[in-house]
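Every chain is named by a letter (A, B, C, D, E, F, G and H) in the order it is written, and numbering of its residues begins at 1.
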Amino acid sequence: MAKKLMKGNEAIGEAAVCAGALNYFAYPITPQSEVAEYLCWRLPEVGGAFVQAESEVAVGNMLFGAACSGKRVFTTSSSPGISLMQEAISYMAGAHLPVVLINIMRGGPGLGGILPAQSDYFQATKGGGHGDYRTLVLAPASVQEAVDLTILAFDLADKYRNPVMIIGDAMIGQMMESVEFPEKYREQNDPAESDWALNGAKGRESRILKSLYLDPEKLDENSFMLANKYDMMKKDEIRYELYNISEKNRLLVVSYGTMSRVIQTAIDEIGEEEGISVGLMRPITLYPFPGQQLYDEAVKPNIEKVLSIEMSVGQMVEDVERFVRGKKPVEFSGRTGGIVPTPDDVKGYIRKSLGIEK
Amino acid sequence: MAKKLMKGNEAIGEAAVCAGALNYFAYPITPQSEVAEYLCWRLPEVGGAFVQAESEVAVGNMLFGAACSGKRVFTTSSSPGISLMQEAISYMAGAHLPVVLINIMRGGPGLGGILPAQSDYFQATKGGGHGDYRTLVLAPASVQEAVDLTILAFDLADKYRNPVMIIGDAMIGQMMESVEFPEKYREQNDPAESDWALNGAKGRESRILKSLYLDPEKLDENSFMLANKYDMMKKDEIRYELYNISEKNRLLVVSYGTMSRVIQTAIDEIGEEEGISVGLMRPITLYPFPGQQLYDEAVKPNIEKVLSIEMSVGQMVEDVERFVRGKKPVEFSGRTGGIVPTPDDVKGYIRKSLGIEK
Amino acid sequence: MPGVRIDKNYCKGCELCVRACPMQILKMSKDINLKGYFYATLAEPSRCIGCRICAITCPDVAIEVHTHGTQFVLFEY
Amino acid sequence: MPGVRIDKNYCKGCELCVRACPMQILKMSKDINLKGYFYATLAEPSRCIGCRICAITCPDVAIEVHTHGTQFVLFEY
Amino acid sequence: MAKQKEVVFAGFGGQGVMTAGQLLAYTAMEEGKNVVWIPSYGPEMRGGTANCTIVISDGRIGSPIINNPMSACVFNRPSLDKFGALVKKGGLLLINSSLIDVKSGRDDITEILVPVNDIAIKVGNPKVANMAMLAAFIEATDAVSFDSLLSMMEKKMGGGKKKELLEINHRAIEEGRKVVTGKVNI
Amino acid sequence: MAKQKEVVFAGFGGQGVMTAGQLLAYTAMEEGKNVVWIPSYGPEMRGGTANCTIVISDGRIGSPIINNPMSACVFNRPSLDKFGALVKKGGLLLINSSLIDVKSGRDDITEILVPVNDIAIKVGNPKVANMAMLAAFIEATDAVSFDSLLSMMEKKMGGGKKKELLEINHRAIEEGRKVVTGKVNI
Amino acid sequence: MINDATTIFKRPESLSETVTHYCPGCTHGIIHRMVAESLDELNLRERAVGVAPVGCSVFIYNYFNCDFMEAPHGRAPALATGFKRTRPDMICFTYQGDGDLASIGMGEIVHAANRGEKITVIFVNNAIYGMTGGQMAPTTMPGQKTTTSPFGRDTNLAGYPIRMAELLATLRTPSFIARCSTQTPMHIVAAKKIIKKAFRLQKEEKCFSLVEVLSTCPTNWGITPCDATQWIIDNMEPYYKLGVLKDPEKGEG
Amino acid sequence: MINDATTIFKRPESLSETVTHYCPGCTHGIIHRMVAESLDELNLRERAVGVAPVGCSVFIYNYFNCDFMEAPHGRAPALATGFKRTRPDMICFTYQGDGDLASIGMGEIVHAANRGEKITVIFVNNAIYGMTGGQMAPTTMPGQKTTTSPFGRDTNLAGYPIRMAELLATLRTPSFIARCSTQTPMHIVAAKKIIKKAFRLQKEEKCFSLVEVLSTCPTNWGITPCDATQWIIDNMEPYYKLGVLKDPEKGEG
């Protein structure tokens, strides 16, 4: 298909259509309302349906009901909206339902602001809801990757029967870049073929999709069944990108999403201008986190430190610390609330971390 | 005051009264409904008020409004109910409001069960809501400690103007133990004396309690102001207990809440019966976590491993890993969903971890 | 001739059927069932008019109503 | 004699007052204010009856109404 | 640890097992001991099974969860099936012989049959079966003194028109004690 | 990196800065370049300030956030104040001289005055001021070719009754180009 | 004794053979049966999907021979919306208590009704939170004692009971809204007709339907099952008037 | 020119001197002023606490000289409940848009009204989500085009607009519920009286009060401010009837 210049939010909408996900539920919130504004006319064209819900609490639960059909279903929202879905997400995970949730993050806490941030890392990767569950979390760094990961998200949700989240910051949603979509659009899942969906107890026992297990042995079993799925994800689904890896690197930066692009520019510039060699690890799956891979990079002899740069006051850095296992000092730099550190800022962080005066 | 035999839930209610926290908002949920059933008659006796809200979403927001008065206010709930409060908690943290939330945890995810669990550790300590904020988290191991920490929680909430959570499992709520309350019950905060509460713009500029900062510099500033408070907590508020620490210890167990009592019994028994020497660190503040203290214990020469035992599939263990910084292998054992590992189970975990056959 | 069959293991002894029967021919047993409840029994089978009121009232669907031959239908259900 | 004072820096040029004035004596200016809006002005001060309708209509509270001497009150506000 | 006593009261909901356990706990506390009472409910509001564990100790109580209690008072068949097997070797099992016509089949514990429903009907109120069982347990173990028990009972039930009920409880306790012929050292 | 061009369009909301930027982005993409368009809105729905950044490159585009763009087109005074200072040394600043009567005061950049509102009124539609500015920018930088621009414009605006409007846009573009007297190598 | 007989009343096929966990005399069981009978009679079981609430009826999925999903407390109408919009060819119904529907789920039920979701809602109003042990519900009667209103519901602090059927009937979107009861056999007969109609309207792809059913909770009301039915007559029915409040077939829409 | 004059209309004291961020002609400004005038006239400013919504009026706290808290989207009535129950001696009001109150905040407003919280709710119905860029609201008119209903609100999919005042007036708990408008000066004069009464009732510790005010959103309706007021007359008023729907002083309670 030809390249198109598209806003991230709209591209995400089209990517879902492309993945055969034609049932969409959402509530307006800046900076992602364009997804709904796009899909409200696009979905009817392809026989899909958009329901504007009365709230994000309702969205989460509409998704829950819709996912029980076995078709591909999804929502998009932004930080406060995602907080309101935590109960439903916990339920959907507990009931083993495939569903895709896209969080175009804005600054927080509270009402915060409407500008880009990455301060929902904990919520997404540790599970903001109650109980032992996880969502698989993907973090795109460009509009094209937002498209690709959206399509992938539906595959992974179906594969593991588990909620998958995409977290992109407001930049991902608002910026226009050229994108390509696959030639072939996928058909919707056929609910009749599902061996778990609720498609009518005709000629078979009735099916129940639930998360209630009053028998503690059963509930324990369900939780460890979930844990097992997450272990499988850890084996098969870890994705990340390395940039400018070389034996001369003194510092390993860890960063995800659009923030990582700023860092790539900074790394290019500081290398060219000041001869400081820095590598970048960009996790694409935030859960499961590429922990061993990070460790392997961090222990390389020339690396003095590991620096997590985030648009937050420091969240992913806790995972970085955990996986670096004390082998190298781990530091954090970042801004939040809508401030996107610029390449100059990043160069400053790098120098500071390495103790270099300019 | 004389000792009383009280159910944990009721003792928590009385502790709040004792702390001068007379405004209580809640929605029924097992296994903590007794708190409301106690306070619905107890509070009117002392001039307080209980409002049974229509939902936990409303509870979170009633607390928000009530906290703006400068008086001490609180709620109790259980896991799914706490998930529904995540948006409000994020807002209250963002607006620097003192408030106490008590989670009598049950098994999850989803509707789960009604029996004791510790699977909301992530939600409580990492922040299940959006944005950069934390709640201070306390974990009692007995009814008496539930009382003491409830009283402390209000002091800490006022001190830091930040939400404080208590997480106890269903056992804490359901079991009866003897408790003592302080002789002197505290007066309510006088709203007129507050220099931040909303007490009427009489002879002063109007006050605004909010979390909205559209200017990213201001939002960034607010987030780092919060981060600063959390750093102060890390300095001043870390609480933990050590048990059976000796140079002969081969294993360091980390565990909190009532689970830790089971472990104490197991440690006593395995020491007496099998001569295996094991120490226990019990964090009382889960956030801030006694990380350095844990590290100091873990690095002691005889310690072969660190074992996190939880009523979950493994949550606190991530913090344990982080703080042990690779100095010793970190392992996890536990059950969830309402199953409380027994002393025998724990002895099994200990043996397994140390590679001892029985 | 109409009649009812009460499955004693569904019955929880609530007595709603006993009160509802227009002929007042249902009685509670002196025995208990597996779950420990005194269950309802048809004390005077011959007087049953097959009105189905007991069955309609029973929350535990413990009652089946049968008939044999002509049956006067008092109401649609 | 009544009159109005329009604070041009509050005015956003919505023209609601212009339409509302029963005497039709308000006009939009040809200049713009600090925020770039054409603001409302009192074109024929002498015909103002001090009815306050313009002020009551103004969403930006840009209009104050004064009077001097006797004033006929058309309605309570 | 030798000074710790543990007992489970188990039966159908409505048989008063929770109340009996609580009364024991209150009494022990009044005697200056450390005590934990912990309930466990089944999923059903009524007609389900209910049990509670009471731990009484002179020292610190570690685990409130007891795998193998030293003693158990079982009021119905399902409770016998469950807890009969769990009682610690050398421990004590009190069986409500009014409703249960079998025993645990173990020979490493002491078993005492207490026809508590019969006693209750005999003394005039089917609701006091639990007190007969509690009395038998105390008689066998000396977990608390009967003086403390009676004064606590009075305190909890209050005076006035409750007097008659108190009377019946007393009689149930008397009858319960009688069933036990010796002490069991647990 | 030398092949990367960056420009900010900045003005009041309603002055068409976003549209102008998008048209540039579309055109550049059509010419086979990599491109990012990224908006930034103030808190106000209307009457606020609006600006967007366009990055055009033959290679991979790293940071979509540009601290110091190589060029800026400012439509009002607040935008001049903000972006005039940010333009990279040696860069280019186009100023809407219809509304702004000062310059940046810098001597290390090239400044071009474009009276875009006057041009728009002259060609008959105040809404096409943004096209005059875009034309001036392209004329000065050769960021894209005018052929591509015109055909993209046609594509975006469609035919039919829009023809008249297209006409006016063409004229605005012509006038905008005329203002620029030489190329700026940024 | 009875042989060669014609069965004139029996357990509906849509109901499984499980003994329920409900307390003796709890009318949840009657309402279950009426729903099951309606599914049978309209031949809907094989394409029906129920949504279980959180409340005493949380285990409803064990008692029906049709597919079920289990919703978070109060959110069943949202789940039903999601499912039905994704599978408009299926039949979807919720079964909810008064705490579930009228308290925490207020937003979801009003909006599902207002959007006109083509689902059927069975709303069991027993004036109390049954499952959690008898706390006050928004539907609890003035003066009624509950574990969180030990001196009786105080209308000065907690307001008056909410009449959901009346509230929903104010919505302009066409729907079928009715209230019926379980207090006497004749009430049950009437209730059955209404419940069946609610399902028929969905089968015919007509509109949203909600049937409020007054129900007992002998356990938490602290009275016998028989007294409980009398309590409905004395206390609930005068306030919760029975009848059809909105009917798309009566052209009020 | 004007001197020695008596001021017969001026900016109320409760309003700060800040220029609002509202679009030209947006009637949010008029409603702000009426609230401020009511606070002044009833002498309530010094003990008033407002609750800001999320919506275009989120910055209301910048425009008033009284204390304010800022609520999560839709939850203002819950915050007001919490505050007022803790400080019954203060005056507490919320100011909410239609997305805020009628969509996400449905549960909170119904229950605050039903409990009879002694608060005042100013409900600004402009038939759209203003702040987020003009999406469909539950109050959007049939056929009205919005960014999420580009072909006009389809009542088959989205139902009919919700009439909050009517819905709340079905509740039995005494309250003051009224609808007024801003479309002509005389409507504004009438609206002012109603808003003031709502605050007076709180001052007298009487009851919950809610005033729905029909308001314009020229920006997202895509028309001029003057046309917008006409649009209320032509489209909204026939559906959203003006008047007092429930009045505790009229003994309807």
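The definition used in the following text is that contacts are C-beta pairs under 8 Å (C-beta built on N, C-alpha and C of every residue); 3 or more make two chains touch, one makes a residue touch a chain.
Since this is a predicted model, take the numbers as computed values, not measurements.
Peer 1: With a step meaning a move to a chain it touches, how many steps does the shortest path from chain C to chain D take?
Peer 2: Each step joins two touching chains, and the minimum needed here is 3.
Peer 1: Please work out which of B-E and C-G is bridged by more C-beta pairs in contact, and write that pair.
Peer 2: More contacting C-beta pairs are found at C-G.
Peer 1: Let me have the rounded angstrom distance from the C-alpha centre of chain B over to the C-alpha centre of chain F, please.
Peer 2: That gives a centre separation of 56 Å.
Peer 1: Quick one: report the Å distance separating chain G from chain H, using the average Cα coordinate of each chain.
Peer 2: Distance between chain centres, rounded to whole Å: 35 Å.
Peer 1: Roughly how far is chain F from chain G, centre to centre by C-alpha average, rounded to an integer in Å?
Peer 2: For chain F versus chain G, the centre distance works out to 63 Å.
Peer 1: Just the number, please: Cα centre separation of chain B and chain G in whole Å.
Peer 2: The separation of the two C-alpha centroids amounts to 38 Å.
Peer 1: Among the residues of chain B, pick out those that touch two or more other chains and give their numbers.
Peer 2: Residues 51, 54-55, 57, 80, 87, 91, 95, 110-111, 114, 210-212, 214 of chain B each touch two or more of the other chains.
Peer 1: Can you list every residue of chain D that touches 2 or more other chains, as numbers and ranges?
Peer 2: In chain D, residues 12, 35, 37 touch at least two other chains, as defined above.
Peer 1: Among the residues of chain G, pick out those that touch two or more other chains and give their numbers.
Peer 2: Touching at least two other chains: 23-24, 58, 70, 72, 103-104, 106-107, 110-111, 115, 131, 133, 138, 157-158.
Peer 1: Within the complex, which stretch of chain G touches chain C?
Peer 2: Going through chain G, the ones touching chain C are 1-2, 4-11, 15, 19-20, 22-30, 33, 184-186, 188-189, 192, 218, 224-226, 229.
Peer 1: Provide the residue numbers of chain A that touch chain H in the complex, in ascending order.
Peer 2: 27-30, 33, 36-37, 40-41, 50, 52, 54-57, 80, 110-111
Peer 1: Note which residues of chain B are touching chain E in the complex, please.
Peer 2: 3, 5, 114, 171, 174-178, 258, 261-262, 264-266, 268, 340, 342-344
Peer 1: For chain A, which residues count as touching chain G in their complex?
Peer 2: Result: residues 23, 25, 49, 51, 53-55, 57-69, 71, 73, 87-88, 91, 95, 191, 198-202, 206-212 of chain A touch chain G.
Peer 1: Across the complex, what residues on chain C touch chain G?
Peer 2: Answer in residue numbers: 2-3, 5, 9-10, 12-16, 19-20, 35, 37, 45, 50, 52-53, 55-61, 63-68, 71, 75-77.
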